Structures are given as C-alpha cells and as structure tokens.
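Got some structures for you, see below.
Shared chain: chain A. Partners: chain B in the first complex, chain C in the second.
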Partner chain A sequence: MNCVIQELSVLYSAEEHQLLALDKVCLELAPGRITALVGESGSGKTTLGKAVMGLLPEDARVQGSIELDQRELVGQPESVFNTVRWSRVAMLFQNGAENLNPVHRIVDQLAEPLIHKQGLAKAEARRQAEQALQGLELDPALGRRFPHELSGGELQRCLLAMAFILDPEMVILDEPTAALDAMSKGLMGRIMCRARERGKALLLITHDLDLAARVADNVLILYLGQVMEILPARDLFPAPDHPYTLALGRSYPGLDTHRELGGIRGDAFYRVLHRHREHNGGVRPHSHIVGREAGHEDGHVPPSGCLFRERCTQAVAECAGQDVPLLRVGDHQVRCLREGIVTALVLEQVAKQYGGVRALQGTDLSLKAGETFCLVGESGSGKSTLAMIAAGILPPDQGRRFFEGRDMEPWIRTDYRSLAQKIGVVHQDPAQAVSHRFSVLEMVAEPLRIQKQVQSKEDLKALVREALKDVHLSTEPGFLKRYPHELNMGALQRVCIARALVTNPSLLVADEPTSSLDPSVQAKVLKMMLDLQIEKGLTMLFVTHDLGVARKIGDRSGVMLAGHLVETGPAAQVLERPAHPYTQSLLEGAGGKMALNPAGEAGRVEQGCSFALRCSRAQPVCRQAFTKPVQSAQRRVACHHPL
Partner chain B sequence: MQTNSRRYSVLSYCLAALLMLYASYLLPRLLPGDFVTAMYSSSQVTLNAEQEQELKAFYTQEDGFGGYLLDFFRLSWGHSYAFLEPVSSLILKALPWTLLLMGGAHLFSMLAGFVAGVETAWRRGGTAEKAGVGLMTVLQGIPELGTGVLLLLVFALHLGWFPASGAETAYADQSPVRQVLDVLQHLILPFSTLFLAYFPGNFLLTRGSMVMILKSRFLETARAKGLPPLRVRYAHAARNALLPLVTRFGLRLAFMLTGALVVETLFAYPGLGTLLFNAIAMRDLPLVQGIVLFSSLLVLLVNLALEAVYIRLDPRMKHAS
Partner chain C sequence: MHRELGRRLIRDPWFLTGAVLMFLFAFLLAARPWLTAFDPHDMRFQPLSPPSAEHWLGVNDGGMDIFAELLKGLGNTLAFGLLAAGVSLLFGVGAGLACAWFRGLLDVLLMRIAEVLMAIPAVMILILMAAFFRPSPLFLALVLAALTWPSIAKVIRAQTLVLKGRLHIGAARQMGASSLYILRRHLLPELFPLYCIGFASKARMAIFMEASLSFLGLFDPGRKSLGMMISQALEYYYLDIWWSWLLPPILCLSLLIMCVTFLAVSLEKVFDPRLKEAL
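On to the complex of A and B.
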C-alpha cells in the first residue's frame, strides 16, 4: 500500500491565534520501507501520525492531501476513516499504559478488533490474540491480566501486538522506545525490521536518533512543522547537510559519540499564525515563533524566510528574505538557502618545507562550517604547520587554499585585513603569545585597532568587555588594567581566546590552546570554547597531542605523521576503531601501553611510509612507496595494510 | 492472596454484623425501666402484679445473648405491642413495598442518570448540555419532601390523576392485570418523587466522571482501532465512568430507610418507612428495634455485595483494598 502525503498543513485554533503544527509536509510511505520522522517535541511529529489516522481533535484544521492508494482521506467523515483504521493503518501510540483500558483484560483488548472488524467469534479471536502475544516473546498467560499488572516493557509489546493484530499494511509507531530498557529496545528494532521484510510500510516517529539511524531507510527532520531535511538514515550522524540536523545529532547522547553534548542556541516552542489589523483597515496575516525568550513583543518573525535562521549559526541576511524550498543536494533534500552546511575551509595539496626539512607534504583538508576538527599526531609531524597554513599566517610552498569559497592567495595579497578579521588564532603558549607591555584591555583591543572598524574609544571598550564576558573573565576596570605577569596561565589563555574572538571570526585555529593548563583549568576552557561554538557557530581547527581532548571536543579527527595526514574521519570512529597502525600506536601510547615495535626506531623514511620502521604490520612495500589516502564512507586512510 | 483478602473481607463483615446484633441486644437492657412500663406508663390501664409479670415474660426473654442470637435466626424478633403481631411478620409484609418503591427508584434513577450522563458528556459543549446541567443542579438542591408535597398537591389533590395514598386499592377484587395497573398507579407519585431526588445526582456524577474519562488516551486507541462508535462510548468510556456511580449507589442505600421514612409517610405507602414512623409514634420499641437491626444488616449485606461488584468492575481495586 502506498501512502502519499502532499502539502499537509494542520492548524490548531487557540484563543486569539492559530497554532501551525504542520506546514506543507510532503511524504511518501512505501511498502517495505521504514521512514523515520525526527524532531524536537512540538515539531508536529505526532500530529502527522494522527492526521493519517483521522484522530486529530475537532479544532484542528487539516489542509492538503493524504492519499491511501489513490484514495483521498482528508475531509472524509469518521465512517470512512473507520474502514481504514487498524485493518489497513494501525498506530502504536506513545506513553504505553495509558493507551490501554484499565478495566479490560489485555487479551480482550487485543481480540477486540478481530471481533468487531473481522467478525471472528470470541473464542477464536482470543486464541489469535494469545498467538500474537506469543509472537512477541510474551507468555500468552499475560493476556489474562489487566494492564496495571504488567511492566512497561510488556505493555509496550502488548500494544505492538495489538497494532499488528489485523496484519495492516501500514503501521505508525509513535515513540515506540521512549520508556524502554535497552533489551526491549533491541527487540523493538528487530520487530520493525521483520515487518519491513514482510512488506509493511512503517512510519517511525521518534526523538531517538540512534534508533532512526539504525533501523530506518530514510529520515525526515521536522522543525516547527516544516521538513528541514530528508536524508538516508546512514548519513544521519556522520554526514548531515542541514545545520539543524547536525545540531540535533550533537545533542543526542549516542553510545558512539564521546564528544561533549552540544545543544542548539535559543528556543522555539511552536508557531502561531494570527492577523494584525493595520491602520488603514487592512488585515495582515502574520506568523511568528514562540520561544522562551521570544515573546510576542520582540519575537516577531516575518511570514517569510527560514524558520531556523534565528538559531542557525550560518544564517546570512538572505535567509530572512524568502521562503526556502526543499533543495536536492546529492541524495539529500535540504531546506536551506545555502544548500546545507557550507564548507568553511578547503586546503588542496598544500606543502611546506623548512630548509631541507619537509614539514608538510601535499595535504588535503576540508572543514565544514561549525565543526570541530582535531589534528593529532606526534610532535614534529606537521600539525602546527598545517594549522598555521590554514590560518593564513604561513604561506605554503605549493597547493591552493580556499576560505569561504574564496581563493586565499589573492585575498591575502589584496586585502589581508578582512581575511584576518574572519580567522582567529590561539597559540600554544599564552605567555609567549602576548606582549608583556600590554594591559588586558590593550591586548584584546589590538585586533580591533588593526581592523580600524571601531572609531570611538567607548565602543572599543564595550566590545572588549563583551569578549571578556564570553570567556568568563572579569570586566572590572581594575582587571582591564592588569598586565600579563599579574595573571595566571588559565586567565591569560582566556585573554588570548578573547583576543582571537573579539573580531567575531568564523574560523578559530587553536594550536594546543590548553597544553599549558592544569586539568581543572583546561576543563573550564574547553567547555567554554564548546559553548562559544554553539552560540557563535565557530568552525574550529584544534591542534592537540592529547587524544583524550580530541575525543571530548572533536567532531572529526585527523592524524598526522611526518607531514602526511594519514587518517581522517569522525572522531568517534578514528579514535575508537583506528584504521592506521600509527593511530593505534598513538592510542596505545596514550593508554600507557608500550606496544611500539622495540626493534624499530623513529626516523624518516624518504620514499615510503614513515611509520614503517616502527610498524608491526610493515611489509617491504611500505618502505618503498607512500600510498595515497583511500576514501571510504566518511573516512580516509593512507596505509598499505589498514587494520 | 486474592481469595485470602476476600475471605478476610467476608469475615470482617460477619464481625460487624455480630457487633450490631450485640448492640441491639444490649441497648434496650441498658435503658432504665422496661418495655412494659414504657408501654403502660402513659395509658389509663393499670396492671396488677400478676398481669405485669405475665407481660414482661412475654416481651422479654432472659436467656442471654446466645438465646437472643438463636431467636434472631428463628425469625422470632419479638412482639410488636402496637400492632399485636410478631415483628418479623410485620417487617416481611412491609419489605416488598419498600423494595419495589425504594429499590426501583434507586435502580431506575441510576440507570437513567448513567445513560443521560454518558450521552450528555459525549455531546459536550452544546447549549442543551449547559441548560441540562443547570436544571439538574437546581433539582438536586430540592429535598424529596418538597418535591413530594408539590407532586401530591398538583397531581393527586388538584388534578386527581393519581391516588394520594396507599399502595393498592383496598378490598378491590380485581383481575391480575388490573391489579398490576392499580399498583403502578399508586406507585407513580412516590416513585417520581424519589426519582426526581436521586436522578440529578446520578446524572451529574456520571457526566462529570465521563468528561474526565473522555480525555484518556485509551479512548483514542479505541477510536483508532476503528471500533463501532457505540462500543467506544460504552465498552470503553462509560465502563470507566460506572465506578463512582456504583460507589454512590452503595452510599445512598445506607440512607434508604430515612428516604423511605419521609416519602412513604407522605404518601402513606405501606413500606418499612411508614412502619418505622408508626412504630416510633406509638413507642413500639420491639418493632423499632427490629426495623433498625434489619435495615442495618441489609446495608451490610449490600456493601458486601458491592465490594465483589467493585472488583469485577475495576480490577485495580483488588490491590487497593
């Protein structure tokens, strides 16, 4: 059975205005496919499910079309829906126990549709109901019990058995795993996959991103009633295209992520529509988003433009101007004017030589806006060189650099100042990175002075204060007058971060920013940097030799070895299941294990892989030639014999 | 576990009944004087010592609580000295009329209130509903004495459609059909009085609990299952609204006798209420004692039955008690 939903809008009438729960949602549910509907609460997920079942309250106005095998359902009376309900489309509601009548036995509630919709005799219907319970690994004797006598997991399975009792062609599952333990969750996933094999069309409504990524075929990301992105489930965590999808993924505490949980700046609860009377007597329809801070007075969002732009970190002025359609980008569909998350920085085959030392050899690197990329590797592997080339401070000997789509070389030659304004740099040792003749105010204000964009002294001071507040430092006049030797390392590094951020850059290149700090201060500084990233949408290139730090803050990691980027990929994968023996050695070293080949020694191999001398998997070929990196899915590895 | 708790509950009811019997045995014995003195103290007749002895022996047995209990089960509950008949035969004669009137009114007002409450709650939001709820709230405030007097004045005395007193026409040798009609005709006014007194409460209670239940998620499930509308309304929604009504029914039964006292007396209906009223008026202590004991045991019995009904109605009660 095919279910085609087109331009479905649902409006709830509230007192003075209308609540827009769904806004022109298009969706097709095909047999043998699991479609996941993901979004924050209030995004309209459940409303969509109920609309298909015809269960919306009377004050809901439904527009658009829901076709079940070419038969229109919107606007049909209850009796038409009754022919479809449960026999063709069934639903598993959220909140378990509340969905069962407390005064009827489980088996009777399961058998009810068989009796009243299929006309089976009571005894036969009961027998089939007990069979259905057995099919879900439940004791059929449970059926004799009442809902309050069952555990949450058992109830959820009973509800699932009930949803499948008439063998419907389509099942809507609303938060099926919300209250389940890991075991029941696994079972729920298996049942869903089994149903898919039997050719059922499943709509999975969930905020459990992990479940959606594991069992669904494709995922719809819903935000305030609008579809923001449609993407294959396998791309949900590693390669989202919409900034909202990325932010959702960062907020989800998955088992595979080690990164600190992120969030999404701002709030959005629901969308309302109402009409404003104007002075000339006309009436202007008008919509706005209601959030915690965005009250009616200051939270107006004009009827056009991207709904997410207030919370989006890559929004530009044009985002407010026009309604954005779903754009096709690769095999994703994205509702974003900028065609999804933009690429902030691209380095192509950049190389650098200091005298006879080849510090960096033909390296590619590309950073997406808003991500944190951690460069790890042993000292002398070229991390800092690569970072400084990326920051535009160090010119490469060869290769090309693009920042926000512009070639950096001519940019640096003609208008370096405007580039420097967009890239903030934090150096390794704060004590050496500042002039000890400058006060805090002078240090932080220096980039602004160079940029010459701020004229008055008062404005300058205000910006400095704001930057200091961002990094949780004092803004007292006394503090502004202090000199570096009066500050401890942690405070000084924060001053350096404030200095890097005072021009409001979009890229922050940080070279070992926390290596000179003790752990407690490091924790504070790292947390602060991640918070700033959520608020400002910073792209971060973070150089560290501390794999623990890379794991905690990185979205992606790159491993450097003798001037080569030998492995890149999602931080969780690279640092959890390394593909390059060198990465594994680094991890073992970090874990205190001395697994390096004792016969080997550090040294440069002119032709082949620099790790060959120390590698337990090394073959003669490793010493003869360096292999080009091989891309698979999200990872890139340069090794003849990857793990 | 389950049978245990039920056995425990039956035992505790038996104990309560025993306590009541003991109280009814003890209380008259604690009174100063005795029945015979009480009976003849205000009358013109003076008894000689021999007659007094004889009467006292007739009205009081002195073989202890055990003998009293034995007599109770033998239905020898003493002798009424106002009606000069055994108390048990008086009670058993009046009982059917009370059961017909009070039981009928209770049951009927409960059923009608239930259905009306369910249907009104289902169609909530209309003006008819608001008007109905308002009217019922007013009606509930009028005591049965008021409605009774009003009905009596209008339909019996003014219009003359119904007889003003009695349960049947005395000494009329009629065919069975006519006899039934005659009983019904006599029943209508007291029945209506009681119905008007009980219906509004049942209606309001059902409607109230139904409105709460209509918000439950399991009703959405029932609707989603595509069940016939009547099944959703009654098997799922109304079934859950039944509980508070049954509770009310049980509580009301405890007041059955006082209700009967007023209405039966007003319409001179020959039930337990009238009997009790007359017994009190004539200081017929054995009769009063018998009626009070009988009705309190009846209330106990009904409560015991209701407890069983509860568990059938709401399985969650099994763990609550």
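On to the complex of A and C.
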C-alpha cells in the first residue's frame, strides 16, 4: 500500500490565534520501507501520525491531501476512516500503556479487534493473540496477566503486537522506544526490520536519532511543522546537509559519538498564525515563532523566510526574505537557501617545502561550516603547516585554497585584512602569542585596531568586553588593565581566544591551543570553545597531538603522516575503528602500548608510504609507491593494506 | 614585566645615585642665569683672585669668573655628549631595524660598513680632523656619531631578528598588521632597553671624548669646555687657587661620567643581564 501525503497542513485553533502544527508536509510511505520522522518536541511529528489516522481533535483544521492507494482521506467522514484504521493503518501510540484497559487481561484486549473487525470466534482470536505475543518474543503466559502486572518494556511489546494484530499494511510507531531499556530497544529495532521484510510501510516517529539511523531507510527532519531535510538514514550522523540536522545529531548522546554534546542555540516551541487587522481593513496572515527568547509579544517574525534562521549559524540576510522550497542536493532534499551546510574551506593539493624538506605533500581538505575538524599525527607530520596554510598565514608552494567559495590567493594579495577578519588563529603558547607590553584590553583590541574596524574608543571597549564575556572572563576595568604576567595560563589562553574571536570570524584555526594547559583548565577551555561554536557556528580546524582531545571535540578527524593526510573521516569512526595501521599505532601509543616497530628499522622512505618501515602489514609495494586516498562513504584512507 | 622593571630600577642604588647626579647637573644648567650674573667671556675682573662672595670660585688668569666658566663648560660638554649619543642612537637604530626588517643586500652592505667602522679607532679620526680642519663642535659631534653607530646597530639588528620570529608578531601579521604597525606597537617598545643602554654608553664615550679633545686644545680656544678648563688650570697648579680652579672641572667631569655610567650600568642590570655581553 502506498501512502502519499501532499502539502499537508494542520492548524489548531486557540483563543485569538491558530497554532500551525504542520506546514505543507509532503511525504510518501512505500511498502517495505521505514521512514523516520525526527525533530524536537513540538515539531509536529505526532500530529502527522494522527492526521493519517484521522485522529486529530475537533478543532484541528487539516489542509492538503493524504492519499491511501489513490484514495483521499482528508475531509472524509469517520466511517471511511473506520474502514482503514487498524486493519490497514495501525498506530502505536506514545505512552500507549495508558490506553490499555486495566480490568481486562492482555490477551483479551489483543483478541478484541480480531473478534470485532474480522469476526473471528473467541477461541480462535485468543489463539492468534497468543501467537502474536510469541512473535514478539513474549511468553504467551504473560497474556493472561493484567496490564499493571507487566513491565514497561513488556507493555510496549504488547501494544506493538496489538498494532500488528490485524496485519495492517502500514504502521505508525510514535516514540516506540521512549521508555525502553537497551535490550527492549534492540528487540524493537529487530521487530521493525522484520516488519519491513514482510513488506509493511512503517512510519517511525522518534526523537531517538540512533534508532532512526540504524533502522530507517529515510529520515525526515521536521522543524516547527516544516520538513527541513529528507535524507538517507545512513547519512544522518556523518553527513547531514541541513544545519538543523547537524545540530540535532550533535545534541544526541549516541553510543558512537565521543564528542561533547552540543545543542542548538536559542529555542522555539511552536508557531502561531495571527490574522492582524491592517489599517485599511484588510486582513494579513502573520506567523510567529514562540520561544523563550522570541516571546509571543516581542518576537514578531515576518511571515516569510526560513523558520530556522534565528537559530541557524549560517543564516544570511537573504534567509529572511523568501520562503525556501525543498531543494535537491545529491540524494538529500534540503530546505535551505544555501543548499545545506556550506563549505567553509577547501584546500586542493596544497604542498609546502621548507628548504629540501617536504613538510606537506599534495593534500586535499574540505571543511564544512560549523564543524570541528581535528588534525592529529606525530610531530613533524605537517599538521601545523597544513593549519597555517588553511589560516592564510603560510603560502603553499602549489595547490589552491578557497575560503567561503573565494580563491584565497588573489584575496590575500588584494585585501588581506578582510580575509584576516574572517579567520581567527589561536596559538599553542599563549604567553608567546601576546606582547607582554599589552594589557588585556590592548591584547583583545589588537585585531580591531589593526583592521581599523572600529572608530570610537567606546565601541572598541564594548566589543572587547563582549569578547571577554564570551570566553567567561571578567570585564571589570581592573581586569582590562592587567598584563599577561598577572594572568595564569588558562586565563591568558582565553584572552587569546577572545582576541581570535573579537572580529567575529567564521573559521577558527587552533594550533594545539590547550597543550600548555593542565587538564582541568584544558577541560574548561575546550568546553567553552564548543559552546562558542554552538552560539556562533564557528568552523574549527583544531590541531592536536592529543587523540583524547580529538575524540572529545571533533566532528571529523584527519590523521597526518609525513606530509600526507592518510586518513580522514568522522572522528568517532577514525579514532574507534582506524583503517590505517598508522592511526592504529597512534591510538596504541596514546593508550600506553608500545608502538609497532617489528623490524626495528629506522630511516626515511623516499617514494612509498612513510610508515612502511614501522608497519606490521607492510609489503614491498608499500615502500615503492604511495597510494592515492580511497574514498568510501565518509572516510578516505591512503593505504595499500587497510585494516 | 616592564612594570616590574620600573620598580626594580627605583630600588637600585646605582640608578638612584645616577639619577641624583643627573638632577644635580640639570639643576645647575637650568639655574645658570640665577646662580651667576657673569658672562664667562667677560675679562674685566682681577686675574687669579681667590674665591669670594662675588666670585664663588675666584677668577682665572684671563680675568674671567671661574664659576660662570664652569657652568658654561659643563653645558657645552654635555651638549656635545648628548648630541653625539643621540645622533649615533638614531643612526644605529635606523640601520639596525632596516637591516633586520629587510635583510638581503641592504643588510649585507650596512653590516659590512658597520664592521669596517668598528675597526677604525674614533679618537684618531677625531684628533686628525680637529687638528687639520678646525671644524665646529657640532660637526665633530656628528662625525663621532657617524663612527659609533655600528655597535648600536648590531645589537638592535640582532634583537630585532629575535623579535621578528616571536609569535606575537606573527600573530599580529596574521591579523593583517602593516609593517608600520608592527614597528610602532611591537618592535620599538620592545627595543626600549637597548636604546637606553646604547644612548648611555655612547653619551659617556662622547663626553669623555669632548673633554679629551678640548684638553688637547683641539677645539676653538674661545669655546668653554671642562677639558679646556682643566688644561688651563694645570698651568697654575702650583698656586694655592688650584682647589677652586682645577678641582671643580675635574670633579664635574668625573661626576658627569659617573652619572651616565651609573645610569647605563643599572639599566643594563635591570633590563637584561644577558645584554651586558652584547654592549
């Protein structure tokens, strides 16, 4: 059975305004596919499910169409829905255990639809009900109990059995795993996959991104009633295209993610539609987003434009101007004027030599806006060189650099300051990175003074104070007058970060920014940097030799070996299941194990892989030629014999 | 760090002594019109008269008031020293910065010239020039400056090269700073101790040089100078007026050189112990 939902809008009436729960949602549910519907609470997920079931409350106004096998459901009387409900489309409700009748045994409640809808005899219905329980790995004896005698997980499975009891062609599952333990959750996933194999169309409504990514085929990201992105489930964590999807993924404590949890700046609860009476007597529809910050009274958001723009870190002025349709980007569909997350920085085959030493050899790197890319590798592997080339400080000998889509070479030649304004750099040693003759105020104000952005002294001070506040430092006049030697390393590094951020850059290049700090200060500084990233949408290129740090803060990681980027990919994958033997031995070294060096050979490999002498998997070919990186899914590995 | 330096300077006895002497000399020179009413070139007094209420240090063989002569000579000597040191510092800093900043051919050329100049003894040149051309003291001061800038230039160049590689200057460059900005905000303040030390050592040398040349009578005899006074007074050392005539210029000269030396030593000590070897 095919279910096609077209331009579905749902409005709930309240006293003087209407609540816009769904805004022109289009969706197709095909047999044998699991579609996940994901979004924050209040995004209209459940409303969509209920709309398909015809279970919306009286005051809801439904527009658009829901077609079930070319049969229109919207606007149909209850009798039509009755022929569809349960037998063709079933729904597992959120907190559904409350819907069970406490005075009837489970098996009786399961048999009820069989008796009433299919007209089976009582005994036969009971037998089938017990079979259904067995199918969900439940003891049939449980069926003779009352609902309050079962655990939450067992109840949820009983409800699932109930949803499937009439063998419907489509099942809507509303938060099936919300209150479940890990074992039941795993079982729930298996049941869903089995249903898919039987050709059911499943709509999985969940805020459990992990489940959606593992089980579903397609994921729909819903935000304030609008579909923001439709993407294949495998791309949900590693390669989202919409900034909202990325932020959601970062907020989710998945088992694979080691990164600190992020969040989404600001908040939004629901959308209301007003009908304002204009002076000329006309009526103008007018929509608001109600949140804590953009309150109902003061936050008048114009009716057009992207709904997410206030919380989006890559929003530009045009985002407010027009409604954005779903755009097709690759195999994703994205509702974003900028065609999804923009690419902040692209390095193409950049190389650098110091004297005769090849510090960096033809390396490609591309950073998406708002992501943290960690460069790891042994010292002398070219991490800093690559970072400095990315920051525009060091000119590469060959290769091209693009920042925000603009070629950096002419940009540096003609108007370097406007580029420098967009790139902040944090150095390893804060004590060296500032002149000891500068006070805190002068240190932070330095980029503003150099770039001559601010004219009046008051504005300058205000900007400095704001930057200091961002990094959780005092803005007292006494503190502004302090000198570097009067500050501890942590505070000084924060001053340096404030200095890097005072011009409001979009890229932050940090070269070992926390290696001179002790662990507790490092923790504070790293957390603060991640918070700033959420607020400002910074793209971060983070050079570190500390794999723990890379795992904790990185979205993606790149591993450098003798001027080559030998492995790149999502941080969790690269540092959890390395594909390059070098990465593995880095991890082993970090874990205190002895690095692999079976032959005990030393020396340089001129042509082939620089790790060949230390690699246990090395073959003669490794010393003869270096392989080009091979791309698979989100990862790139340059190795003849990957793990 | 540079704020602590100020506090350490004030506590340093060398600096305090030097500073007290400096204020004393500055007071003597500034208060000259009130301290003495006589023109040092006025020859109408009784020659070789001993000190009196009118003539505090007596009158010399030419009938001139010795105190007025002393103050005038002090002023001339000091002016010569400061001028020579100032110009030398200017040349030295300019050349040193230019060499370190631009490197290349300019660096090679200027540093080779500096090495040649450092090999020439300045006293010889000055004596020869003063003896043959009878130039003005101003010109001689400039010649002295032209001969002594290399040592300052060398130190400034070396320190600038060190500073150029510092991270905070690299950071300023990354922010898009112009060379002028880096020079003004980062390099020049950072080099401050070197100016102080260079200036003090050059001033000390120039003062001594002026006194020596005038002692040898190589300056215009009409020009008052401490060295000339000493050489004149020496001719009458057998008279009992030597203590009021010979002693004051010798004391003045010694104290002046002491003052500058003390200041230089204490600045060296305080700013950077490692720089002692460099200068």
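The rule is simple: the second predicted complex is superposed on the first by the 636 of 643 C-alpha atoms of A that agree within 3 Å, B and C clash if a C-alpha of one lies under 4 Å from a C-alpha of the other, contacts with A are read in each partner's own complex, and residues count from 1 in each chain.
As a working rule, contacts are C-beta pairs under 8 Å (C-beta built on N, C-alpha and C of every residue); 3 or more make two chains touch, one makes a residue touch a chain.
Because the structure is a prediction, the values reported are computed rather than measured.
> Overlaying on chain A: chain B and chain C, fit or clash?
fit
> Applying the touch criterion given at the start, work out whether A:86 contacts chain B, chain C, both or neither, answering first, second, both or neither.
first
> Give one of first, second, both or neither to describe whether A:213 is in contact with chain B, with chain C, with both, or with none.
Touch status of A:213: no partner.
> After superposition on the shared chain, which partner residues are touched by A:55: those of chain B (first), chain C (second), both, or neither?
First partner only.
> Given the overlay on chain A, how many degrees, to the nearest 10, lie between chain B and chain C at the CA centre of chain A?
130
> So in the superposed three-chain picture, is A:441 touching just chain B, just chain C, both, or none of them (first/second/both/neither)?
Neither chain B nor chain C is touched by A:441.
> Tell me which partner A:485 touches in the superposition: chain B (first), chain C (second), both or neither.
Second partner only.
> Once the shared chain is lined up, is A:420 touching chain B (first), chain C (second), both, or neither of them?
The answer is second: A:420 touches chain C but not chain B.
> Quick one: minimum Cα-Cα distance, chain B versus chain C, in the superposed arrangement, integer Å.
In the combined three-chain model, chain B comes within 62 Å of chain C at the C-alpha level.
> Any idea which chain A residues touch chain B in the complex?
The touching residues are 53, 55, 78, 81-87, 90-91, 93, 95, 98-104, 112-113, 116-117, 146, 148-149, 162.
> Residue numbers of chain A touching chain C in their complex, please.
Those residues of chain A that touch chain C are 391-393, 416-417, 419-421, 423, 425, 427, 429, 432-437, 446-447, 450-451, 483, 485.
> Mind listing the chain B positions that touch chain A in their complex?
Listed in rising order, the residues of chain B that touch chain A are 216-218, 220-229, 231, 235-236, 239-240, 313-316, 319.
> Name, in rising order, each residue of chain C that touches chain A in their complex.
On the chain C side, the touching residues are 1-4, 166-168, 170-178, 181, 185-186, 189-190.
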